[in-house]
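Can you read through this structure? Questions will come right after.
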Amino acid sequence: MHRTGELFGQYKTMEQQRETASLGMWVFLSTEVLFFGGMFMTYTLNRSTYPDIFSEASKTINLWLGAVNTIVLIASSLTMAMAVWSSQVGKKKLLTIFLVATLILGCVFLGIKSVEYHEKYVEHHIPGWNYQFEPGADVSTNAHTQLFFSLYFAMTGLHALHMIVGAGLLLWLIRQSIRGRFTPEYNTPVENIGLYWHFVDIVWIFLFPLLYLIDRH
Amino acid sequence: MVYITLISLFFGVAITAAIVYFFFKYRRTHPEQLGVPIHGDMRLETAWIVVPALLAMTMFAWGAVVYVDYRRAPIDTLDIYVIGKQWMWKAQQPTGLKEINELHVPVGRDVKLILASEDVIHDFSVPAFRVKMDVVPGHYNTMWFRPTKVGRYHFFCSQYCGTNHSLMGGWVTVMEPTDYAAWLSGASEGNENPVLAGEKLFADKACITCHLSDGRGRAPSLNGVYGAKVLLADGSTVTADEGYIRESILDPKAKIVAGYQPLMPSFQGQMTEEQILNLTAYIKSLQSQPVPATGSGIAPATGKK
Amino acid sequence: MPREHYLNATYGIRSWLLTTDHKRIAMLYLVSVTFFFFIGGAFATMIRIHLLTPTGLLVTPETYNKLFTMHGVAMIFFFLIPSIPAVLGNFLLPIMIGAKDLAFPKINLLSWYIYLIGGGFVLYSFSTGGLDTGWTFYTPLSSVYSNSAVTPAVIGVFINGFSSILTGLNFIVTVHTMRAPGMTWFRMPLFVWAQYATSIIFILGTPVIAITLLLAGMERMFHLGFFNPALGGDPILFQHLFWFYSHPAVYIMILPAMGVISEIIPTFARKPIFGYSFIAGSSIAIAVIGFFVWAHHMFLTGQSTYSALAFSLLSYLVAIPSAVKVFNWTSTLYKGSISYDTPMLYALGFIGLFLIGGLTGLFLACLGLDIHIHDTYFVVAHFHYIMVGGAVMGYVGGLHFWWPKITGKLYPEFLARVAAVILFIGFNLTFFPQFLLGYLGMPRRYSSYPPEFQVLNVMSTAGASILALGYLLPMIYLTWSMRYGKVAGRNPWPATGLEWQTDSPPPTENFDVTPEVTWEPYDYENRPDLGLAIEGAPTHAHGDD
Amino acid sequence: MSEHQSEHHIVSPTIYFVIFGVLMICTILTVVAAEIDLNQYFGGLNIIVALTIAVFKASLVVLFFMHAKYSPKRTQMVIVASIFWLGIMLFMTMSDYVSRLWS
């Protein structure tokens, strides 16, 4: 990996190297859009087939945990954006502080998420594992709410996996940042991991209304 | 068909001929020779974009007409239920006569097959009639044909369905209508009548306790419901066909009839496709029964279509 | 003291397994896709032998199902999709645009390892019980009913998807940011355009199959119901998602081959390609329109009639850019200076076979006809004409074309021509009878069949034995030539591309000095450096106009 | 082309904080909107409102936090392409299911 931000052999200028890395990240994110897209497609069809059941199932997940998590994650996006800004203007200390803040917020998100998962476990709402929507629910209600929870776990699970990867990347960034590796001339890793982090945030911005807020009234 | 073949043959032969001709005509005669630098020609490019596009549209149109006709069955058909399961076909004639890996139909009559699967996706295919249709678990597909010649024809399972996929076939026997009638009555003895079987199920599964025929039960009367438009709780209407009846048995909450509570339990996993067909046959037989003034799900005939 | 080049720059197994040189990674891919080609080929051989008799000659129906499934999985996911992009594309794309390497050399190596891991899972599935779902993995057969080793296979294909994605990512970024001075978009070789179009599909299609197989795999492992009707899911949704990728995947296989052909034809006709911008544009058009046609695999699943009409219409539209390419290639031959070198034989064979494959596609896109020929041997013949007649002919032709550049050696020309002709004849004998079988109604994926289909099946098997010989020959003489072949020189054909400006084999950094491009593509007329007849001399045998 | 876009835009923190504020307001708005039965006015209005807010929030993140507003054209093209392709998948697939009910 980059040690000092030197120019790699295949590039002619630092500028070219920076732009190439940035474009690469964006192309990667476009792949991610379609990767999550397949799940959103599955969700869309199933929700349009079973609108009432989905609404009923959605009401059993904890809205407030979800809402707090949304705020936490957006706040982490803000600190990430500030971290990128710090690296651009060369404030090395501030950069480290914002990166650490982002990491902490990310961990808070994952912590709250695991509390939610535990709630689901207690309620027997984990698909394929002693699943029971509510005592006395009939076969089709059980099957169709289970579809909702399958999607809930698949989508939030994949999202959480991305968060964990992001947290790992942040750890590496923090280490490099403490060593003072990043300068206004060389901050590509900060910017690119920032892009990734914001993308994960965007996925959540859609997951929140689609999973937690189905006709709550 | 002939049309597409001819056009394809024309282009296939013309281009191949051109290649072969150029290949020999313009072969390199001395090692340093160059080709004539021709970079392109807008008129040619336009021509070979527009002309194939137009030809393709005519092919599309022909195919579309055939397909739309195939997907929309005529009104007065002989309805036969066909159930696919790994790895056999069960057919059920309107009289309830059941056949396995055999299908008897009268010549000159429009036959509609209503296809259901017990397990995986199958496909009912009769090459001689140029028809096939996937048999998808979870919903009904239909196909229709009109046999024109007496005889015996292969049918196959055409969608890969597991180990004995290639053994999942049989014969369609096309008979003169009189022979068909004779065959039906001759072979029918000892076979369960689907309407009677359905009526028995209707009682055994306790449907009868709510779906009172006079419309005073906790569920709508089913008299005359088959083929009618049903008014739903959300204000929309739906035609009560086989698919709707099946869905209402397996997933009653999906479409609640206006004015009724979602009380009915789901029978998912508790009935075979065959039992569902029998129930459907019974409900169909109620078509001619008097419809009560209230307590029927049938949408009132308003000015709407 | 021999000149230093990418092959002899460093030695030892580590220098290969840890290389970031795109040329060496291409060689690693060459070895691994050839391995999978022969695995898939072995399955194909057994299939054809088995079908000699109506009751099946060789194996039980269960084993037969595994044979055609594993043939499909090995050939499609582990040979056809990576073949041209990851071997020829990897080797040539940076050289063709005058770069020292791909934009992300380490990611390039990573994608090879991902390919190996995916391949490992799939081989594990093959060797522990096999796989009998069909390469299409249709649910609920794959997710509930099959008793074979579906889970590792699904994981393998899932993992392998990321290899494709990373390759596509690398190519797209490289084309955007790494071009040499003067290498404008419309000076790029058509092979690069084709790779670019292919990469679009890699990037935007592959993730969908990845997530779909992941969902199907979870459905199998945890008994979930996404695509299982017994639990409220919809098996047709699986098909939609599957074909959203897998139809464009057909273009992943054929587009790069079209790119190869677009390089070979002008070289051996020694004239600029006819309608450069139309060929370039049609590659992009195919990649984009190709995403709008997938449900033509599903006309008979009970999809809505309206939707079927739309997909049929769009399927006809995607035929147009392919036709444009064929017309342009043919016109390029007109008044050329055509030689009969091996790559040219492959290129012309490609056009002929692709023509048949493409035209029969019109039959299948036709709604009314598809009712009859859907899921029959007609389909099997059609896609083999495209994938084997098209993609593999392009790949083998491309290997011959660039072999002197890759290895620095010439292969035995006469043997190579013989092999090309054998392949062409063997291929047609194998697959043309299958069109007739399909039209007569023989369904695909049958381990036994009614006796009336036997004659055509025997013909097909006979053809297949010739075809198999046709594949063994190049394998042998190409390997032989690496050691004993004549030294090739920089530009044996001669061709106009940048890759022919550097040594054969190229040095590790591709060029000693970064080239500057001042000429248009395939412009033989203004290239005195090629040492061919130039202005004034008796240039054109066919007169000027 | 790549050579010409050497200017690197730096977004000021003020903008970040303003965007953050708007995102917070939108989050509260979407929760509140979900608690009100909007479907009584217009079928499916609840989900329309929820998704409109989500798209708005996502656009803000892309444009400002991710600097797409200040990025080169080709980056913006990548973004548009990915959304377009997602649209193809959703639209073409759902058109099958929706039009099945017509006939």
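First chain written, first letter: the chains are A, B, C and D, and each begins at residue 1.
Going forward, a contact is a pair of C-beta atoms (placed from the backbone, for glycine too) under 8 Å apart; a residue touches a chain by one contact, two chains touch by 3 or more.
Given the structure is predicted, the values throughout are model-derived calculations rather than measurements.
Trainee: Name the two chains that are joined by the greatest number of C-beta pairs in contact.
Mentor: Chains joined by the most C-beta contact pairs: B-C.
Trainee: So how far apart, in whole Å, are chain B and chain C when each is placed at the average of its C-alpha atoms?
Mentor: Computed from C-alpha means, the inter-chain centre distance equals 36 Å.
Trainee: Can you work out the whole-Å distance between the CA centroids of chain A and chain D?
Mentor: Each chain reduced to its C-alpha mean, chain A and chain D end up 16 Å apart.
Trainee: Could you give the separation in Å between the centres of chain A and chain B, each centre being the mean of its C-alpha atoms?
Mentor: 44
Trainee: What positions in chain A touch 2 or more of the other chains?
Mentor: Residues 16, 19, 23, 27, 30-31, 34, 37-38, 41, 45, 50, 140, 143-144 of chain A each touch two or more of the other chains.
Trainee: Could you check chain C for residues that touch two or more other chains and list them?
Mentor: In chain C, residues 176-177, 204, 208, 230, 232, 234, 237, 240-241, 305 touch at least two other chains, as defined above.
Trainee: Residues touching two or more other chains, restricted to chain D: which are they?
Mentor: 2, 74, 81-82, 85, 89, 93, 97, 103
Trainee: What pattern do the touching chains form: line, ring, star, complete or other?
Mentor: Looks like something else, not a line, ring, star or complete graph.
Trainee: Quick one: in the complex, what on chain A touches chain B?
Mentor: The touching residues are 50, 52-53, 138-141, 143-144.
Trainee: Sort out for me which residues of chain A touch chain C in the complex.
Mentor: Interface residues on chain A, with respect to chain C: 9-12, 16, 19-20, 23-24, 27-28, 30-32, 34-39, 41-42, 45-46, 49-50, 127-129, 140, 143-144, 146-147, 150-151, 154.
Trainee: In their complex, what parts of chain B are in touch with chain C?
Mentor: 1, 4-5, 7-8, 11-12, 15-16, 18-19, 22-23, 26-30, 32-41, 44-45, 48-49, 52-53, 56-57, 59-60, 62-68, 70-72, 86, 119-121, 123, 125, 127-128, 130-134, 136-139, 141, 154, 156-167, 251, 268-269
Trainee: Provide the residue numbers of chain C that touch chain B in the complex, in ascending order.
Mentor: Listed in rising order, the residues are 61-62, 65, 132, 134, 136, 138, 140-141, 144-146, 229-230, 232, 234-236, 269-272, 274-278, 299-302, 305, 308-309, 312-313, 316-317, 319-320, 323-324, 326-328, 330-331, 333-340, 348, 351-352, 355-356, 359-360, 362-363, 365-372, 374-376, 440-441, 443-450, 523-525, 531-533, 537, 539-545.
Trainee: Considering only the defined contacts, which chain D positions touch chain A in the complex?
Mentor: So the residues of chain D touching chain A come out as 2, 5-6, 8, 10-13, 16-17, 19-20, 23-24, 27, 30-31, 34-37, 39, 46-47, 50-51, 53-54, 57-58, 61-62, 64-66, 71-72, 74-75, 78-79, 81-83, 85-86, 89-90, 93-94, 97.
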